[in-house]
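Chains: A, B, C and D, in written order; residue numbering restarts at 1 for each.
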Amino acid sequence: MGARAAVAGASGYAGGELLRVLAGHPGFAIGTLTAGSSAGTRLGAHHPHLHPLADRVLEETTAETLAGHDVVFLALPHGQSGAIAATLGDDVLVVDCGADFRLDDAGEWEHFYGTPHAGTWPYGLPELPGARERLRSTRRIAVPGCYPTVSLLALFPAYAAGAAEPDAVVVAASGTSGAGRAAKPHLLGSEVMGAMSAYAVGGLHRHTPEIAQQLSAVAGAPVTVSFTPTLAPMSRGILATCTAKAAPGLTAAGLREAYDRAYADEPFVRLLPEGQWPSTAMTLGANVAAVQVTLDERAGRIVAVAAIDNLTKGTAGGAVQSANLALGLPEDLGLTTIGVAP
Amino acid sequence: MGARAAVAGASGYAGGELLRVLAGHPGFAIGTLTAGSSAGTRLGAHHPHLHPLADRVLEETTAETLAGHDVVFLALPHGQSGAIAATLGDDVLVVDCGADFRLDDAGEWEHFYGTPHAGTWPYGLPELPGARERLRSTRRIAVPGCYPTVSLLALFPAYAAGAAEPDAVVVAASGTSGAGRAAKPHLLGSEVMGAMSAYAVGGLHRHTPEIAQQLSAVAGAPVTVSFTPTLAPMSRGILATCTAKAAPGLTAAGLREAYDRAYADEPFVRLLPEGQWPSTAMTLGANVAAVQVTLDERAGRIVAVAAIDNLTKGTAGGAVQSANLALGLPEDLGLTTIGVAP
Amino acid sequence: MGARAAVAGASGYAGGELLRVLAGHPGFAIGTLTAGSSAGTRLGAHHPHLHPLADRVLEETTAETLAGHDVVFLALPHGQSGAIAATLGDDVLVVDCGADFRLDDAGEWEHFYGTPHAGTWPYGLPELPGARERLRSTRRIAVPGCYPTVSLLALFPAYAAGAAEPDAVVVAASGTSGAGRAAKPHLLGSEVMGAMSAYAVGGLHRHTPEIAQQLSAVAGAPVTVSFTPTLAPMSRGILATCTAKAAPGLTAAGLREAYDRAYADEPFVRLLPEGQWPSTAMTLGANVAAVQVTLDERAGRIVAVAAIDNLTKGTAGGAVQSANLALGLPEDLGLTTIGVAP
Amino acid sequence: MGARAAVAGASGYAGGELLRVLAGHPGFAIGTLTAGSSAGTRLGAHHPHLHPLADRVLEETTAETLAGHDVVFLALPHGQSGAIAATLGDDVLVVDCGADFRLDDAGEWEHFYGTPHAGTWPYGLPELPGARERLRSTRRIAVPGCYPTVSLLALFPAYAAGAAEPDAVVVAASGTSGAGRAAKPHLLGSEVMGAMSAYAVGGLHRHTPEIAQQLSAVAGAPVTVSFTPTLAPMSRGILATCTAKAAPGLTAAGLREAYDRAYADEPFVRLLPEGQWPSTAMTLGANVAAVQVTLDERAGRIVAVAAIDNLTKGTAGGAVQSANLALGLPEDLGLTTIGVAP
């Protein structure tokens, strides 16, 4: 039968992607679907690509509608997860795709999100050192942000190996689905097609402290992050170009070895053959990150590039990967690393 | 274990999509992969999205390399399938994604393709009247062209019901992957992004006689087709807008009923709720056609619109659907109707 | 100095394109710019591409703010032009980019727009038979819709020459800017990129009666039009594929001659060399239509294809072309036929 | 009449853009157009958007065909400009859009281009300190690369003001037209649409030493550059995100002042109002750079972002701007800062 799973926030892009992944997953049965202002409407009005689920009707997001499930996936606006999670039993696996439980530091949370800190849950990026073990024994998972997912997968092996100085620069290009489904003029097709633009420059993006927190944990010392997000004319995908000064004495071979070691056994990260660089096209709809790294000896910098699908490995696929661990299922159950291309 | 399947022409877009579908199919084991000028190279150099198969090496396309399989999928340039097929045993299921065996009429073949006619195999569009039965008992399948697939699914119910006059107009917009992977200047990203263009106008496209042949068979009388293909700035997908004069006395309800009847039990065609019109976004990477129809009473015309992914339902997914039938497997084994969106 | 021109509705796409064209036009001086809910804001917040005008402040759209100009361009939502136009003197040239004054038939207007008919002004498509003369002596111009512009330029020579039967089929693919700037979910970049979709199918689009009215006038007899608009993943451009049964005895040479004759001296229509077909890329940002036509002898149909930039020749450029005529300026003053490509 | 100008390499994208700019320029008359393998063909076969020039025939690129012009624009593959330039008189203004004469250091040239160094010509970026004066008195101009143009405009004010440490990080996203028109599989529309990818990572791109050379000159000390180019799914435009450690004591106000000072009187650079960030959409088809800068105090880094159209300000527009200076014409003659948007 599989674990009975509810999806709260099913009308948005994260919710739709959760349903796409869950619909092909043998370990889950799709239970209640909820929404905010779209409650009462058919799922097919929002996600016509989910043909078999098109006639499902969205319910309101309440303690009652979400009760009675083994797993609840939350794909709600930031700040709404805490109250709902509090109504769910400790034996229910709650997987929060929002930001509410990602940051350790209450001050950082309040600085970037402007609301009281809800707490901290195990961080759902199994590839990070020690993360897999924590996820196997939890009933609460904070799914990483999409930019942190791709940035951390690009950079953490360098920090884990002591190969990089504690001053990282990340420039990431994201497809527009990362900005969600609320209709805003600057996200209209007419505005984004044929255009690249920068936004939240100068450390203003909320994912900045999340990246810094995790890199610092890996490095065992504070890492500062200059993070610039840019908007690319595509629906899905993030390409992150990440660079940091090389530690003294670092060699190209040593750097490669650090990445080989980090990713030798990871089912959802593909370290590309040397000379091949990531494209988001390698990852569309797949729970996979494509990673490559090099040492620019002239500039004295490590350059690591990673690509993911922001909705799959960056949100819903990553959420299910962590949920698999928490439920004692095979980590790769119901997940594919094969993208849709061209 | 599954049927052992070879893919000839694995480096192209159709070949890559066949591998994407087969890799997730429990009824097949992927055997030999062959190519033309790319023989000897790694699959990952051509299809980096197929991560688990990246280290497979492409072999030459010969009788020897293709021998010893239960199924051979041919994704070769038009005109090359006949010679290879002749080397394969009668017990081997041969599924040709090329055009070689689609046309009944040798004269039409020679007029449009300029080479001798190789013959005619059962046409792999199971939704057509009588097709499913023919496919269940064959070892040779001619996979339809992508434009015929979508055009026929839009129009055949009208002709099957006698609702349309024998003079159809089809205007279809295709993503660029339909033009294949050979590097031609007019297919460069710089040329196609931000642009719609028409080509092969005036009945010159090779899919024109294929559409006419099948509609005529359904109608039981000659149907002429004005077919105009256009190139759209997207990788995948075809949207076909199809119109024909309404037969005398046709009502909107009667038209709807004809489509309801045709598609009530079809697993891979979704007749949308009235008022909702197809988008290729509903079909990306899925073996599904989204169809809608209306009667324009002022103009006296039926207007039917269908959307598919040209590489999936339009080529590789359709090929596997027909192969499932020929092998006695469930028709929907290994195939999904859920697309990747947004 | 040039004629002093106001633009009402300057914050939208049509308004922005009017300003782009006027800013490079030696015959106009840009006067007051008005807006609805954006009144009081800087133009640069809406149209950052109009660098020299970025600090202009938008005023409210009122009789007072629009007074004192030689020319007033109206780029307002349908139904708002009549009231404003009534406040402007008979000596002021009023150029309405809205639909309000396009239709002759009050019943048709009310059927398609649902409001009382405001009247009919000379139709601003100078290429139509007799239109240029009417535009030279008017102070009121109804700028055609973008779909009618491209459809009429594709088809009218056939009807003017008696080459086509009175039953036209038009399928047009438009960039998203044609849908305007109001933020609607289905126009988000995430929804439109990578996708083609149909809408307002079955004769429901408001441009249908406009096309039929003008073709009927040219043909001297009623022409019915089956019109299907589709949305393409690009910001600008329309490609219209137009087909009609060929009149008895029509030859390819006769058809070509009709188009040669119609467009021999037209500065803003380019009949392409035989064998070359229009692409919207030929027209981006230019006041030009690219046209091609052929006779499909098997299907017995004329197929004409035309491409324009919906905002330039389809709206703002066409508006200025007609305004040039009305003001006694050279028709091509300040207008280019050179597009931006690739 | 204007200066008689030849364009060598007219069939490529840079050549086409030169013709687009020159066709609207009152100071030039377009003379001979030459090409390599396309010699003998009509310009309209390559650049159908240049309607008025469509029937021009391309000649071979030789000393003879290029003789007799006042100005020769070279848009040739790297390494071919030197031999042709040597055949042109010292009184002829030669404007090289290739790389041949950009680098001062012969060793750097040979390292990155693999051919003997041809020499160094005045660098055609008038905005750089001292450049305008050099360009006013030269008959030889090396037009900058597109990436250097945008990167230098983003960063040089910081280096000129002593605000940045000598270790710059540039990540730039380019449209595909920057890769030229040669048909290569990875530049097919099917490959690039919907995808971001990195290439030439780790200091391998040939524009790296060009950026470093110019920044070093401005800073008066060696500046190293980590440069990562990425390919974006659009035809035109580059967005460069540039960051460098802030010099000790730098304040946000001081940084702003440095950029205000650098760009106060520059006709082709628009320093945006604070809080508004560049988009390539602000620059399409225009000879303009949109620039913004901020100080990330937490990360201790300057972040400057600039957008250009790679073919206009990044190549052909910049070339004409410099040619205007060399010919004693107004610097902005025939050039617009108004882009085409949306």
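Just so we're on the same page, contacts are C-beta pairs under 8 Å (C-beta built on N, C-alpha and C of every residue); 3 or more make two chains touch, one makes a residue touch a chain.
Computed from a predicted structure; not experimentally measured.
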Check your understanding: So which chains count as neighbours of both chain C and chain D?
Key -> A, B
**Study point:** Contact-richer chain pair [B-C vs A-C]
**Key:** B-C
Revision key, fill the gap. Relative to chain A, largest Cα-centroid distance belongs to chain C
Check your understanding: Just going by residue numbers, which of C-D, B-C or A-B has an interface where over half the contact pairs are the same as at A-D?
Key -> B-C
Study note, to complete from the structure: Per the C-alpha centroid definition, the whole-Å distance linking chain B and chain C comes out as 37
Exercise for review: Averaging only over C-alpha atoms, locate the centres of chain A and chain C and give their separation in whole Å.
Suggested key: 45
Check your understanding: For chain B, what residues touch not just one other chain but two or more?
Key -> 13, 177, 188, 190-191, 193-194, 233-236, 279, 281, 284, 342
Review point. Inside the complex, what are the residues of chain C that reach chain D?
Key: 13, 16, 20, 23-24, 44-45, 47-52, 54, 177, 193-194, 235-236, 270, 272-273, 276, 279, 281-286, 288, 290, 336-342
**Study point:** In the complex, chain D residues that touch chain A
**Key:** 167, 169, 171, 173, 188, 190-191, 193-199, 201-203, 224-226, 228, 230, 232-239, 241, 243, 245, 277-281, 284, 292, 294-301, 303, 305, 307, 342
Review point. Which of the residues in chain B come into contact with chain D in the complex?
Key: 13, 175-177, 179, 181, 183-185, 187-194, 233-235
